[in-house]
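Look at the two complexes coming up: subunit A is in both, with subunit B in one and subunit C in the other.
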Partner chain A sequence: MIRRILNAYSIELASAFRMKSTYLGPVLMVIIILLTPFAYPIQEDADSDYDFLAYVLPLAINVFGLFMVLIYSATLISTDLHNGSIRMTLTQPLRRREYWAAKFLHGISYVMALNLVALGTAFGLVKLLGDLSGVYFADELLYSDREMIQLLLTTIGLTLLPQFAVVSYALFFSTATRNPTTAIVLSVGGWLGLEAMKFPLQISEYIYSSYAEAPWTVFSDRCSAFTESSFYPQAYYGVGVSMIYMLVFASVSLFILSRRNLVV
Partner chain B sequence: MPTCIHLKQLRKTFGPTVAVNDLTLDIEQGEVFGLLGPNGAGKSTTLHMLTGLVRPTRGAVQIFGQDLRSQFVSIAQRMGVLVERPSFYEHLTVGKNLSLAARYSPKVVNIRRATELAGLSHMVDERVSTLSHGTRQRLGLALALLTEPELLILDEPTSGLDVEHTQEILRTLRHLANHAGVTIVLSSHMMHEVESLCDRVAIINKGNLVTCDSTEVLLSYDKSLMEVHLDAPEAAAKRLMEETWVESAEAKSGKVIVLLAEPNPHQLISFLVANGYQISGAIPRQRTLQDYFLKVLNS
Partner chain C sequence: MIWALCIGVLVSASTPYIEIQLDSLYVGSVNTFNGEVPLNARRVDINNDGFTDLLFPDRVLFQQNGHYVQGEFVQLPNVELSPAVDVFESTVYFRLPKHLRAYRYEEDTWNLVLDVEVEWPESLDTSDSVMARPSVFERFLHDVNSDGVPEVVIPLQDGLHVYGMDADKYIAYPVLDIFPKTKLIPLEDVLPVSNIERGVSYPDQHLVFHCAIEDESVILLTKQSLQDSTVEYVEYRYRLSLVEGRYEATLENEPAIVGPFPAFVQPCRLNPDTQIDFAGGTLDYTSSLALLTPVYSTHVQTMPERGVQLYRTKSFVPHVQFCDVNQDGYSDLMLERTDITHGGLRETLNRFTTQRKFKHHINVHFQESDGRFSKEADVSLEKTIRLDQTPIRLSEMFERYQAGKLVSFTGDFNGDGMNDCVVQTTPDSLSVIYLDSRGDTVESTLIVPIGAHETFHVLDLNGDSFSDLVFQGIAEHEGESTPSTRVLLFQKVGG
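Let's turn to the complex of A and B:
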C-alpha cells in the first residue's frame, strides 16, 4: 500500500510540476516578502534583523501562505472530480484511500515548498540588506546567531502540523464537492468564519489554526529580548489538536470518497 | 471456458431510480461480450460497477474469481478500462499521459505498442488539450491497452471516431480477442459493430436483463422470417395463418412474408408444396441485430 501511495504521489508531483498554477503561490510569496522592506525597513546598522523575520514570516506563512494552501488543496480532488480525470486514476491499481493519501502528501509538499520559499527569501533578504548577529540586551548577548536560527527552525517546525491540518481541512471540501470553485469558496469561507468566531466564542484553544500562530509569538518575544516566553506547553496542545483535526477530516473525506459514484 | 466475470444479483439505485435491477450474468474468458440497450438502460452503470467507479447498492461482482471490492488492486492490474468521455491531464502530452499512467502498473509497459494499436504513434508529442474528440477516444483506448490487460472494459469505444478509425479499432479488438485471448466487455449504440465483433450479447432495458445469448443464436432467429415467392400469395397467406406454427403471414406482390414460431423453413416449404402452391423461390430474410433489438424492446 505504501508503495502505491508513494507511486501515486510521485505521479501527482510530476503532473503538478508541469502546471503553471503550481508556481503561482510560491512566486506571490516571494513578491510579498521582497516588498515587505518598504513597510518594515531593513538596514545595515549592526542591529540584528531577526525582528524583520519575526514580522514577515508569520505574515507570509500564516496569512498569505495559509490562504494559498487552502485554495491549492481545495482544488486537488475537486478538479479531478469536475473534469472526470479521477476515473482515469481510479481505474488503475490504486485504492480510493491511497489516492486520497497521495493527494494529502501533495498538499503537504505544497506547504513545505511555501515554507521553504518564505524562509529562503526572507533569510536571503536580511543577509543581503541587513544584519544577523544574535540578539543583544544592553550589550549582553542573549541569543547567539546559531541559537536564533535553531529557534527559527523550531518555530517553523511547530507550525507545520497545524498547516498540515489545513491541508486535511481543505481536502475535505475538495472531496465533498465536485466543483473546484465551490470547494475554494467553502474552505476559505469556513476558514474566515472560524477565525472570526474563535475568540468571541472563546474556542481558540480548540482550533488548530491558533497553534500556527503561537510559536511565532515566542520567536517574536525572543527577538525583542524577552527571555520568559516558552513554546511549551502550547506546542504539545498544538500537536494534539492538529492531529485530531487531521484524523477527523481525513476520516470524513475517506468516508465520502468511498461512497461516491464516480460518473460524469 | 472458465468464467472471467460473475455478476450476482447486481443492483444499483440512484435515489428512487433503479438503474440496474438484480442483474445476474456470467462472462467467459476470451469472450467478446456486448451490452446493448437504449439510453438510460443501465449499460454504463453496469460497466462502471465492473470497474469499481460505482459501488453497487446490492449484489456482488467477481472478476477472475476474486471479489472486486476486496481484491480491487490485483484485479485492476489485469484490467484495462475505457470510460465514456475519458479525461486526462490536459496540460500534458499524449506520451506523458501514457508514461504517467504506466507508472501505476507493476509490469514493464510497452507504451509504443499501445500507441500503435490505438493509431496514435504520430501524436505522442501532442498536448492533450489540443486533441479532437476522436483522438481523445483513441488515447483512452491506448490507456486501456497499456498494460496488455487480460480483460478490457470499454464503454462506447468507437464513440466520436470516423469510419476508418472505427474499423481499425474493431479490427484491433477482434485481433486481441482471437490471438491474445483478451476478454472484452463493451457497450455500444452501434448495432453493426456489436454484431460483427461480439460473441455474445446481452440486451438491457430499464435496468433489467431482457435477453442474453450468443450473437449467432440471436441472428439465427432470422431463419424464422421467410420470403416465399409463389403463384397465389393472398390465398397462401390466409391458409398459413390457420397454422399454429405460423406467427404471421403477409401477402405482397408475388410473394408472402412469413414469420415462423420456430426457425424451421423446411416445414413451411413442405406445407406449401403439399397444399399445391407453385413455389418459385424461398429466401430466409436477413435480419440484423438492430431488428432483433427493436423487436425485443417493443415486445
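Let's turn to the complex of A and C:
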C-alpha cells in the first residue's frame, strides 16, 4: 500500500512541477519577503535582526502562505473530479484512500516548500542586508546565534502540524465538490468565517489555526529579550488539536470519496 | 412587605460597605510611585473626636457614624479673604495677605487660637488677581525643629523663607540661600543629540530641581541633562538648625552625583531609609510579530551601590508602578501583562476586530529589606476583562484599559494587612479580589456595580484602615450638571 501511495505521490509531484501555477505561491512569497524591508527596515548595525525574521516569517507563512495552501489544496482533488482525470488515475492499481493519501502528501509537500522558501529567502535577506549576532539585553548576551536558530527551527516545526491540518481541511472541500472554484470559495470562506467567529464564540482554543501562530509569540518574545515565555503547554494543545482535525477531515473526506460516483 | 424588608436587611448585612453620595469630592490622578490619590480635601480629624473628617479649602465635612452626610458642611472662617490653607494637628491655619490666623473647631464653633501680623516676602504674589481666587490648600507648615509648633516655610526664587514662633509672634528669619542658581551653560554641553536631529538649535534654558523638606532636613536635587538624552541628579543635603536666633542651613555632606538615568526616571521614596530612590517607567511599542506590542519598562534604583534594576513586561501603562502591597513600609513593584497581543499578526488583528474578552495578569514583586525587588513575582493574579466593544472601536473602556484605569492593587478592603485587587472586569461591574496575608486569593470575590461613564479610585477616605471605592462620573454631554461622586465606604463585616 505504501509503495502504491509513494508511486502516486511521485506522479503527483512530477505533474505539479510541470504546472506553472505551482510556482505562483512561492514566487509571490519571495516577492513579499523581498519587499518587507521597505516596511520593516533592516541594516547592518549593533542590533541583531532576528526581530525581522519574527516579523516577516509569520506574515509570509501564516497570513499569505495559509491562503495559498488553502487555495492550492482545495484544487487538488476537485480539479480531477471536474475534468474526470480521477477515473483514469483510479484505473491503475490504486485504492481511493491511497489516492487521497497521495494528494494529502502532495499538499504537505507544498506546505513544506512554502516554509522552506520563506525561511531561505528571509534568512538570506538578513544575511545580505542585516546581521544576526544573538540577542543582547543590557549588554548581556541572552541567546546566542545557535540558540536562536534552534529556536527558529523549533518554532517552524511546531507550526507545521496546524498547517497540515489546513491541507486536510481544504482537501475535505476538494473532495466534497466537483468544481475547483467552489472548493476554493468554500474552504477560504469557511476558514474566514471560522476565524471571525472563534473569538466571539470563545472557541479559539479548539481551532487548529489558533496554534499556527502561537509558537511565533515565543520566538518574537525571545527576539525582544523576554525570557519567560515558553512553547508549553500551548505546543501540546497545538499538536493534539491539529491531529484531531486532521483525522476528522481525513475520515470525512475518505467517506465522501469512497461513496462518490465518479462517472456523473 | 415584611419579606422584602427582611431580604433588604440581609442584603445590606452581607455587603461590606455603605454607599454615600459626595459630589463635592474630586479625585485626581493616582501617584504612580506610591498609589496615593490626590483629593480636593484633606483627611484630618478636625473636631478631635477620633474620626477622620474631610477638610476642603473652604469648608469641612465631619464624619458621622462612620460616614459623611452630603450637605452638612461647616464653613471655614476667613474664606472670603482667599487664604492659603494648611492644617497642623487639627488646627487650621490661614495665610492671609498680612496675617497668619489659626482656628480650632471646639464645641461646634471655630475658635481663633492665633492671629498674628506677618510680613510675607515681597516676591510672594499677593496681588488682587491672586486674592480674587478661591481659597486653596498650600503646604506651608513644617515643624522643622520638632517642638510641636509649626514653622512657616515658603520656597521662593531667592531661597527658602522660614518664619518661626517667637514670643507669640511669627518672625521672619533670614532667607536661606540654598537653591541652585541659574546660569548660562555652554551650548555644546547641554544640546541633546535628539534636539540636533530635530533641528532644534537652542539648549534648554530652564533649571529643574526638586526640594524636599523632611523635619529638619532639606534635600535638593538638581536635574542635569546629558548629551546622550540621559539625566543625572546632584543631591545636596542641608540640615536646618536654629543658631543664635536664626535658622542656618548646613550642608551635611559633599554634593553627590546620582545617575545617569533615562530621562523618565524621577526621584521618589520607595522605602523608609534616608536615601532618595530613583524610579520610572516608559511605554514602548515593539513591532516584531504582532502589530505594535506594548512593552512597559520599569527602572528602579533603591541603593546606588547596587545599580538600577530593570523590569520589562508586555503591558500598557500600569495603574501604579509601585505600591506597598504587603504593607511592610516598602513599596513593591507592580508589573501587569496583557494577552491582547498574544499570537501573531493574524491572531492579533483577528482579536482586535472580533474579541472583547482578554486575560490580564498582575504580578507583584516584593521589595526586600535591602531595597532589592524579588526577581520572581511574589503575588500573581490573572483576571479576564470583558470590554464593552472590540479594541478596534477604541471605546472609552479600552482607552481606560490602555491608561491602566481598570486595575488597582492599592487598597486593602478587609483590613487584613494585605492589599486586595480591584479589576473592572465588565463594562458595568468591578471585581474585588481578596487576598490573604500570604498573597493567595481567597475564594470569595465581591462584585460591585459601576456606571457607564464612571471611573473608580481606591483610597481610605474615612481613615478606618479599610480602603474605600470612589466612583467619579463624568458629564455625558456638554452643558450637563457637574459630575457626580459616590463613595463605597468599606467597613468590617457585621460592624
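We take it that the second predicted complex is superposed on the first by the 263 of 264 C-alpha atoms of A that agree within 3 Å, B and C clash if a C-alpha of one lies under 4 Å from a C-alpha of the other, contacts with A are read in each partner's own complex, and residues count from 1 in each chain.
In this section, contacts are C-beta pairs under 8 Å (C-beta built on N, C-alpha and C of every residue); 3 or more make two chains touch, one makes a residue touch a chain.
All figures in this text were calculated on a predicted structure; none of them were measured in a lab.
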item: First (subunit B), second (subunit C), both or neither touched by A:Thr91; value: first
item: Touching partner for A:Pro233 - first (subunit B), second (subunit C), both, neither; value: neither
item: Subunit B versus subunit C as contact partner of A:Ser220, first or second or both or neither; value: second
item: Which superposed partner A:Ala138 touches (first subunit B, second subunit C, both, neither); value: second
item: Partner chain in contact with A:Arg18 - subunit B first, subunit C second, else both or neither; value: first
item: Interfacial residue positions of subunit A with respect to subunit C in the complex; value: 40, 51-52, 54-55, 58-59, 62-63, 66, 138, 195-200, 202, 210, 213-214, 216-217, 219-221, 223-226
item: Contact set on subunit C toward subunit A in their complex; value: 286-290, 293, 295, 310, 312, 314, 342-347, 350-351, 354-357
item: Contact set on subunit A toward subunit B in their complex; value: 4, 7-8, 10-11, 14-15, 18-19, 83-85, 87-88, 90-95, 258-259, 261-264
item: Subunit B residues touching subunit A - in the complex, by the definition given at the top; value: 14, 44-45, 48, 51-55, 72-74, 76-77, 79, 81, 83-92, 96, 100-101, 103-106, 143
